[in-house]
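Each structure below appears as structure tokens.
Each of the next two complexes has chain A plus one more chain, namely chain B in the first and chain C in the second.
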Partner chain A sequence: MSLPLIVFFICALIAVVGAILLIVSREPIHSALSLILVMMALAVLYLLLGAEFIAAVQIIVYAGAIMVLFVFVIMVLNAGEEERTNWSRIAKFAGLPLGFFLLMWMAHWMADAAIGRTVANSGGGTTVAFSTVELSKLLFTKYLFPFEATSILILIAILGALVLAKREN
Partner chain B sequence: MVPISYYLVLSAVLFGLGVVAFVIKRNIITIFMAIELMLNAVNLAFVAFARAWNQLDGLVFVFFVIVVAAAEAAVGLAIVITIMQNRDTLNVERVNSLKF
Partner chain C sequence: MQISAEQIDNLQRLAPELILCFFGILIMVVDPFLGAARQRVLGWVAFIGTLAALGGVWVASHDLGYAYSNLIRTDQFSIFVHVVVIGAAALAILASLQYLDNEGIQRGEYYALVLFAAAGMGILAGANELVTSFIGLEMSSISSYVLVGFRRKSAQSNEASLKYFILGSFATAFFLYGIAMVYGATGTTRIDAVQTALAAAPLTSLSMLGLGLIFVGLGFKVVIAPFQIYAPDVYEGAPTPVTALLASAPKAATFALMIRIFYVSFGSAQSFWFWAVWISAVLTMCIGNLAAIVQTNVKRMLAYSSIAHAGYILVAFAASTEIGIAAVLFYLAAYALMKLGAFLVIAHLGQQGERRLNIQDYAGLGSKQPVLAACFSLFLLSLLGLPATGGFFGKFFAFQSALDSRIVWLVVIAAINSVIGAYYYLRVIISMYFWDPSKDYTPTAVAPTLSFALLVCAVGTLYLGILPARVLSLAKLAADSLILH
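Let's look at the complex of A and B:
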């Protein structure tokens, strides 16, 4: 086994265990922490794929900003243990087979795809990293309009969050 | 040597677990986290395909997905706070005014 394969399997295991912990834990704060674990493992996988910028953004924006927002809201709302109702038991019987079927179908389809035989880390070494300079060039030329559109999206999201969270007198 | 299909299968597994969490979880914050998990799984597939074709466009899409996820989390959590203020619960089954 080459080093990239070992790193991949360790991170994949951490990510899957984190996702399962998200499902089985009853406290929302535990779910949030296990989701941070998944995001950290994915950031390492992005590094393994040579996407350094995305790995940094993953940690700074996802694990940093978004999850801090989640943890903050859980703390503010003092969200305790999930309560059990009749519907949640039915959802378990419907949801688990549905999710399992979806998972198997997608995994089967993706494992069989021809593109899947392309090797990411050839020769046991690391891949050549994607150039962040090229990425930013692409972002500010070919994808300039979507990039500017996201700034408006963020602005509207800020306004929406302010309006929704405002207490009515 | 890590074939791209390994990344894709991991992405599919994470997406499937996200769907399961979305369906069986009752707490509205945890349901949001399930959506984030699914977005993360899709991001992994994007980066893997970008590597497979050696094209940077996939990374740009991941960037946009992260931006949209941030906007969604901000608005969604504001809605969660409003629900908590109005209904005093986080259980989605008690937020059923629109349910037939």
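Let's look at the complex of A and C:
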């Protein structure tokens, strides 16, 4: 077994365990912390795939910004223990088989792709940009327009937050 | 500095969006310097912005083609939808000037958000790439969430905004997930490249799942069943000029994107998505019409009626022929005019705080405000589909195109639904002309800006109802431009 494979299995295990803890734990703050675990483990997996940019973004944006926001919201709302209703029992009985079904279905696709049956469909001409350099080149040439449009989108979000939260005078 | 011909093309083909964003940012910059008393000026700035953007559409229409490495496709189809969307935004802004004063929420940000929303819808109409369209969709959606909650002191408005935001984000996630699946299946996110990829290889379950998820995401935005649950609450809670805008412009822009994805990208898979559209059309029409019957709140009734109309549009959509697409476009234009008109009348009649929305409040309006009542009747009759109004030809072309494609049962169900619709539209007209007027009502004068907006809607509705040929030929040109030659 090579080193990357060992790292993969360790991180994959951490991610799966973290995801299960996220759902099982009844304290919102525990769920949030397990989610950080999942994000970190995923970041390592991205790194193993050679996507260093996505790995960095995963840590900075998800594990950093978004999770801090989650934790803050949980603290501010002072959320207590999660309540169980009859509906959550139904969700358990209906959700588990459905989730299992989805997992198997996705595994089936991936196995298909690995064997190469669906690879033929994935049309030629796509360049896969692995390095940050290539990614940024694409971002500032071919995909300049959506990139710039995103800045307007963020501007709208800021303006919207201002409108809804500003104190009336 | 040398500007290449390609750059000039890029700017010209994207002129409407650039102008709208420029005016939006201009309003944001000027806003703090004006003070609370003079915010109304910004409304006029926004109105000028939409007029300038219509000029931008004119510029773009003389320079058709691709822009920004094929991510944007400025064709006649995109131009047609741009005119509808920006026109609707202009009329909504004009109507908002007085409304916001009455409600005491005259603020520049409102107009900036309307302009940004219009820019997002413009991107939606012209997008040739799925991620670009996603950004356009979000620009229009996020602005809408905020606009819906603009009456901050009203609990109803806040509730509507929150509901719209949570469910809307959910729908967006579906759309994005669908894009990812389609990318996984075809290796591209370009709408025309997906078409060639799908033509080369059979449909995989991955691309089908992707299309299904996209249908859910966009179906939410155009308000078709079974994704319509949020719409009545949101439409009722939003400030009425915003409701007018929401019911007309995003519907046109999102249907445009749906046509591009379903008809162009997945055109070869028509037999796969046909039944989904068919079932959704039936559900949409029936739910919209049956629920509208029992409403006593006229604003809510119109919200349900707008669901029903999305169903009629789906009938033409299901035809999936060039004529069908032209019928969808014509319907969208006619529908935008009459729906804007109807909601703007309500924006005035609701009075401060939107108190007077019940059907009883409209009793005897025909004798108290004959012109306004006549306008309202015209819009309602057009929504009903009476001849000599735009709504008639919208339905006529839609049903005819479906019959041409031999979708007879769908047309039969649509016709039955039109008859059901007659009940609740006529009830409002009857209350205006035949019921005893309510005594506590003192009519207020219609502001000149609102009268102008209503005049445009009324004249437009009559024009499309009496001389539909010119707009129909434009719609046919637009539908024709979609096909990749």
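Keep this in mind: the second predicted complex is superposed on the first by the 141 of 169 C-alpha atoms of A that agree within 3 Å, B and C clash if a C-alpha of one lies under 4 Å from a C-alpha of the other, contacts with A are read in each partner's own complex, and residues count from 1 in each chain.
One rule holds for everything that comes next: contacts are C-beta pairs under 8 Å (C-beta built on N, C-alpha and C of every residue); 3 or more make two chains touch, one makes a residue touch a chain.
This is a predicted model, so every value here is computed, not measured.
Novice: If you stack the two complexes on chain A, which partner ends up touching A:V76: first (chain B), second (chain C), both, or neither?
Specialist: Touch status of A:V76: first partner only.
Novice: Let me test your reading of the model: by the given contact rule, A:V133 touches which partner, first (chain B), second (chain C), both or neither?
Specialist: After superposing on A, A:V133 lies clear of both chain B and chain C.
Novice: Does chain B (first) or chain C (second) touch A:Y143, or do both, or does neither?
Specialist: both
Novice: Examine A:G160 and indicate which partner it touches, taking first as chain B and second as chain C; both and neither are also allowed.
Specialist: both
Novice: Which partner, once the models are overlaid, touches more of chain A's residues, chain C or chain B?
Specialist: Of chain B and chain C, the partner in contact with more residues of chain A is B.
Novice: Would you check which partner chain A:I152 touches, where first means chain B only, second means chain C only, and both and neither mean what they say?
Specialist: Only chain C is touched by A:I152; chain B is not.
Novice: Look at A:S31 in the shared chain and tell me whether it touches chain B only, chain C only, both, or neither; answer first, second, both or neither.
Specialist: first
Novice: Per the definitions at the top, what is the overlap between the chain A residues touching chain B and those touching chain C?
Specialist: 109, 118, 120-124, 142-143, 146, 150, 153, 156-157, 160, 162, 164
Novice: Once bound in the complex, which stretches of chain A touch chain C?
Specialist: 109, 118, 120-126, 141-146, 149-150, 152-153, 155-157, 159-160, 162-164, 168-169
Novice: Spell out the part of chain B that touches chain A in their complex, as residue ranges.
Specialist: 1-21, 23-27, 29-30, 32-34, 36-37, 40, 43-44, 47-53, 56-57, 59-60, 62-64, 66-75, 77-82, 84-85, 90-91, 93
Novice: Could you please specify the touching residues of chain C with respect to chain A in the complex?
Specialist: 14, 21, 25, 28, 36, 67-69, 71-72, 107, 109-110, 112-113, 116, 119-120, 123, 129, 131-132, 135-136, 138-139, 142-143, 145-146, 149-150, 152, 161, 184-188, 193, 196-197, 200-201, 204-206
Novice: Can you tell me which positions in chain A touch chain B when the two form their complex?
Specialist: Touch list, chain A to chain B: 2, 4-5, 8, 12, 15-16, 19-20, 22-23, 28, 31-32, 35, 38-39, 42, 45-46, 48-51, 53-54, 57-58, 61-62, 65-66, 69-70, 73-74, 76-77, 79, 82-85, 87-88, 91-92, 94-96, 98-100, 102-104, 106-107, 109-111, 113, 115-124, 127, 130-131, 134-135, 138-139, 142-143, 146, 150, 153-154, 156-158, 160-162, 164-165, 167.
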